[in-house]
Amino acid sequence: MPLSRGVIPIRPVTAGAPAGGALADAILAEIASALHEYLDTRQNHVIDLTGMPLSREDRQRIDAYLGQGEVSMDIHALVHSHIEETAYAGVWRVRHYDMGGGVHSERIEIIDVPEIVRASSADMAHSARRIEALRAEEGA
Amino acid sequence: MNGASVLDFARGPVFEIALAMLIFGIAWRLVGIFALRRPVDYSEPRAGTGWGSGLRMIVSRSWPRREFRERVLHWDIVSYIFHVGYAVAILGYVPHIMLIRNLTGLQWPGLPGGVIAFAAGLSAGALLALLGHRLTSPVLRRLSNFDDYFSWLLAFTPLVTGLMAYYGIGGNYQMVLGLHILAGDILFAWLPFGKIMHVILLAFSRGTTGAAYGRRGAPI
Amino acid sequence: MNTTTLGAGPGAARAPVGDNKQGSLSDAERLDRAMTSFLRDFNTTSALYLEACVHCGQCAEACQYYVQTGDPKYTPIWKVEPIKQAYKRLTGPLAPLYRLFGLKKAVTIEELEQWQELLYDSCTLCGRCTLVCPMGIDIPSLVLAARHGMQEAGLVPDDLWGPTERARREGSPLGATKQVLKERIAWLTDDNNVTIPLDREQADILVTISSVEIMKYPQSITAMARVMNHIGASWTFRSDGYEATNFNMLSGDRTGQREATMRLINAALAINAKTVILPECGHAYQAFRWAGATMYGRPLPFRVVHISEYLAEELRAGRLSLKSDARSMTFHDPCQIARRGGVTEAPREIFRALGADLREMGPTPAGNWCCGGGGGVITIHRADSLRHRVFHLKMQQVEDTGAALLVSSCSNCRLTFDDGQDFFHWDKTAHSLVELVADNLAERH
Amino acid sequence: MTDETIRDVLTRRGLSRRAFLQVCASVTAALALSPAEAADMTKRLETAERPTVIYLSYQECTGCLESLTRSFSPGIASLIFNDISLAYNDTLQAAAGQAAETAKDTAMKNAWGKYVLVVDGSVPLAQNGAYCAVAGRSAVSDLKRAAGGAAAVVAVGTCAAFGGLPYAAPNPTGAVPVSEIVRDRPVINISGCPPIAEVITGVILYYTTFGVPALDHLHRPMNFYGNTIHDRCYRRPFYDRGMFAKTFDDEGARQGWCLFELGCKGPITHNACPTTKWNGGTSYPIESGHPCLGCSEPGFWDKGGFYKALSTPTGHWSRTGVVSGAVAAGVAAGLSTAAVARARQGRAQKKAASADSEPKNPTS
């Protein structure tokens, strides 16, 4: 449990407060060109926001611009991941949460469907084996 | 020697030695001058003892008299840019104020880093211009000796290393910071032994002439 | 008259310039004497000055020799380089370090010989450099100290040494002996119908004279007498103490300087003078007003004033009344009286009393350009062409005022102006302030 | 070596490729890899053999291991490290005594020449290494033996990397960092007191896929130690604007101003704290209001005090002593040089007087 903010009179200051929203513009430009790139070459593009020194304004602007799209998914694998399409088709926001519930990785992917959503052939083969095994067990 | 050890060295023993040399040298030079014979002037003063004029001249000679401005003011201004920039960088930068507080217990609010960097940059530019002037003016070439160039170098090095440290130029920050502090140490240690001693002698030499002229009632 | 040795105009026969050394000492002895003298002179004040110089070179910009020639050797502080060098090696607190690291070489006899020109020919001790120096270094005082050593070493320019040596021998540099003075006063009294008291046994005021006046401007003596008489002062000239010029000081001859000073002091003491008036002579003012008591070793028991100061006092006291002379005038402040002497208001009070249209030179009094003849320079003939170059500055400054009349209060300046006027075929003549006053005395009713 | 890949291990544990991709995302985010590098790493991890890690501890406080295992929320990477790769660690394993030694020997033999040797703690050399011994062997000989079969050595923590606390003056045990002992293997220093868990695991995974990462002059991976705390500190704007907390409880401290004046060593400390943070990304010391101690830098114990501003002298000598000594010496020097000058002047005066008693001047 985090200590109550009232106990210790600390007012945390968010990172990079005075930086302005310059980075948001650069990211939006990158998204636009990545969409063209994907249409031309089918080459996907990932923008990893995790290590970027984004200011509060940057985040607000990115959120405001990208908005919410039609698709929203959750993955419950090793950890929880949340994936949602933005208001722009093919522009996805992918967030991986760590075991404590914090975001450990946050990225914008430009692709038709994010890689992590697809079921892998190996897993599908494994599934097939498991179903056959189950049926064999039931049949027996 | 890596950056960390240069930094520790500069902040540690070298600083102490430099501080000792600074104080030792100033005491030596001032006592050495004032323990010489003192001239006695029995003439009847026209206007008091001249003390007031001495004090006044310490201040007034900081700006050239009207009659000389046409010929000297431009270089005076360059020199002022150097000196004021230097003073702003030394006295306005919080890490420096920390040092002063550590040494004297005095402190005052600092200035933003950008202001300091601007002042230091101007100061460095002015210092370069002054060197150019010294190297090209026949008068200055005639007068200049080792002390002039060496003192210039020792004044310039902390500025440049300080700016490098501020802007993260030169790779290893610890090394650059260490060199900056080392350069400051060397400047400290050298101060009393070369022309930079003028920061202290200035008041005495101006005051002496101011007082002498003052008691004569002569313009200063 | 023996004035040809002084105001050599164009084409005047030049005195033969020897090797400009006095005596037959060996070089080593000369050097040793110079160093000994330098050493004796160092004190806290000169030490401060020699330590404080930052080699900024601004003094050059104030010096007429540099300004007119652009030659860096005329930079004022460079002129005292040998004494600076000696100081740093021998006396300064860091002298052991300087010697240890060989940062300053020992002064050589060649350097001293080379510096003779810089110390004598190209410095009038005018002190303009003192006013520009950011460290406030009084360079003329250092030049004087250096000249002491040069004199001890017998390295004074012959042309300057001549009158200096004569002053020692005869009591006056230009041959104005006691006998000459008496004769001169006798015929001035006759010619001008004026009472000129000489050798009165008691008087409140001892008036002194410059030998330049005795030999070249005798009318100045008459003028002084008329003014003093007009005021009704108790005054006298003394044949045992009249010569106010002190060429010995200019040469660097301490012994002679002291002797010349003591003659005036003793004469003043003999008549119980309350006041000694110095004539229109700049260096006399330095030598007696400011250095006199120090030569005496204690404060003088009488006050010393320049004639212009005295006249201003009497104007204020109402004992001197003048007619109006509304001509446009400009005043040349003599360096040693104004800039280095502190007498700046007195002459202006006199001009106001005359109702003159005073057109000040720019700049003056502090920044005034020197006439170029002070400090003994006027006597050194080999320096004539250099002196004429710097006189050009002065001439320009006078011309710029547009004043009809040029007045000064120093007969040495006047001599220099006369010479320059001659050389440049200039239409301006320098006049004496005292003579101007004498010519405008109001009638007593 | 096991011939198993990391992917295989995850599959065996019933985790899908999606879980694997989550792992990769975690690792690449921690390493701050570019998207292209991240894609490359994902591909390589798919086929990379599971690394064997042998973890040895010498003069240390176990804080590094605590960081690794007891962090607020164990990260994915540490899960991999602890549960998948770790072949030997005397603190974590159940075995003890002879059984533990045998386990270690077996692990080393099985992966001889291929394992990653992680060392935690400094190695004492004084008294023939008697200050630290494991199973009757001194730390130094134990380390030399283990390093003999290692593909690379990872020195975890400032003690192993730079000597750390045992190395602090006067260093009674003669402690040295691992790099002083191991000279014929690549040594990767992961400094910090302790280091960040994600950094330790990230570096090991990076080594597994790409080999030795780019290192700085102190052999620390540039990925994590390439920037100073100051470079990425969210309080940096306050530093630049000259706004500093003066004490721990003043308004500046409450407003989150720069802690430089309180001794922050951020400007000279290279670490990933501001980006990776601690306790599962919760915060890092400066965010908690405490200046950076500079724990990932060599000799941080001996820099004159944690709360002394970086620009002030470390001050090992007495200030009063230095100042008064210098003043006294200066006055003495001044008086003596002046006395010498006066004596010289006196001699000159005498000489001039005797010269004056002879013919008065050079001309006569």
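Labels for the chains are A, B, C and D, by order of writing; each one numbers its residues from 1.
Everything that follows uses one rule, which is that a residue touches a chain if its C-beta (ideal position, glycine included) is under 8 Å from a C-beta of that chain, and two chains touch if they have at least 3 such contacts.
In this text, all values refer to a predicted model and were calculated from it rather than measured experimentally.
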Which chains are in contact with both subunit A and subunit D?
-> none
Could you tell me which chain's Cα centre is nearest to the average position of every protein Cα atom shown?
-> B
Most C-beta contact pairs, which chains?
-> B-C
Gap in Å, rounded to a whole number, between the CA centres of subunit D and subunit C = 76
So, in whole Å, the Cα centroid of subunit A is separated from that of subunit B by 58
Using CA atom averages as chain centres, what separation in Å is found between subunit B and subunit C?
-> 38
How far is the middle of subunit B from the middle of subunit D, if each middle is the mean of its Cα atoms, in Å?
-> 39
Which subunit A residues sit where two or more other chains touch them?
-> none
Enumerate the residues of subunit D that touch no fewer than two other chains.
-> 333-334, 337-338, 341, 345
Subunit C: which residues touch two or more other chains?
-> 42, 91-94
What graph shape do the protein chains here make by touch: line, ring, star, complete or other?
-> other
The chain pairs that touch are A-D, B-C, B-D, C-D
Subunit D residues touching subunit A in their complex are 10-11, 15-19, 21-23, 25-26, 28-30, 32, 35, 38-39, 72-76, 232, 234-235, 237, 254-256, 275, 280-282, 287, 289
For the subunit D and subunit B complex, residues of the former touching the latter = 217-218, 228, 231, 239-242, 244, 260-261, 267-268, 297-299, 302-304, 308-317, 319, 322-323, 325-327, 329-331, 333-335, 337-339, 341-342, 345
Please give the residue numbers of subunit A that touch subunit D in the complex, ascending.
-> 9-19, 45-48, 50-51, 53, 75, 77-79, 81, 94, 96, 98-105, 107, 115-116, 119-120, 122-123, 126
Complex contact set, residues of subunit C against subunit B | 42-45, 47-49, 51-58, 60-62, 66-67, 70, 72-73, 75, 77-78, 91-94, 97, 103, 130-138, 289-294, 296-300, 303-304, 338-344, 362-363, 365-367
Residue ranges of subunit B touching subunit C (in the complex, touch as defined) | 28-29, 31-34, 36-44, 46-47, 57, 61-62, 64-68, 71-72, 75-76, 79, 137-148, 193, 195, 197-198, 201-202, 204-210, 212-213, 216-220
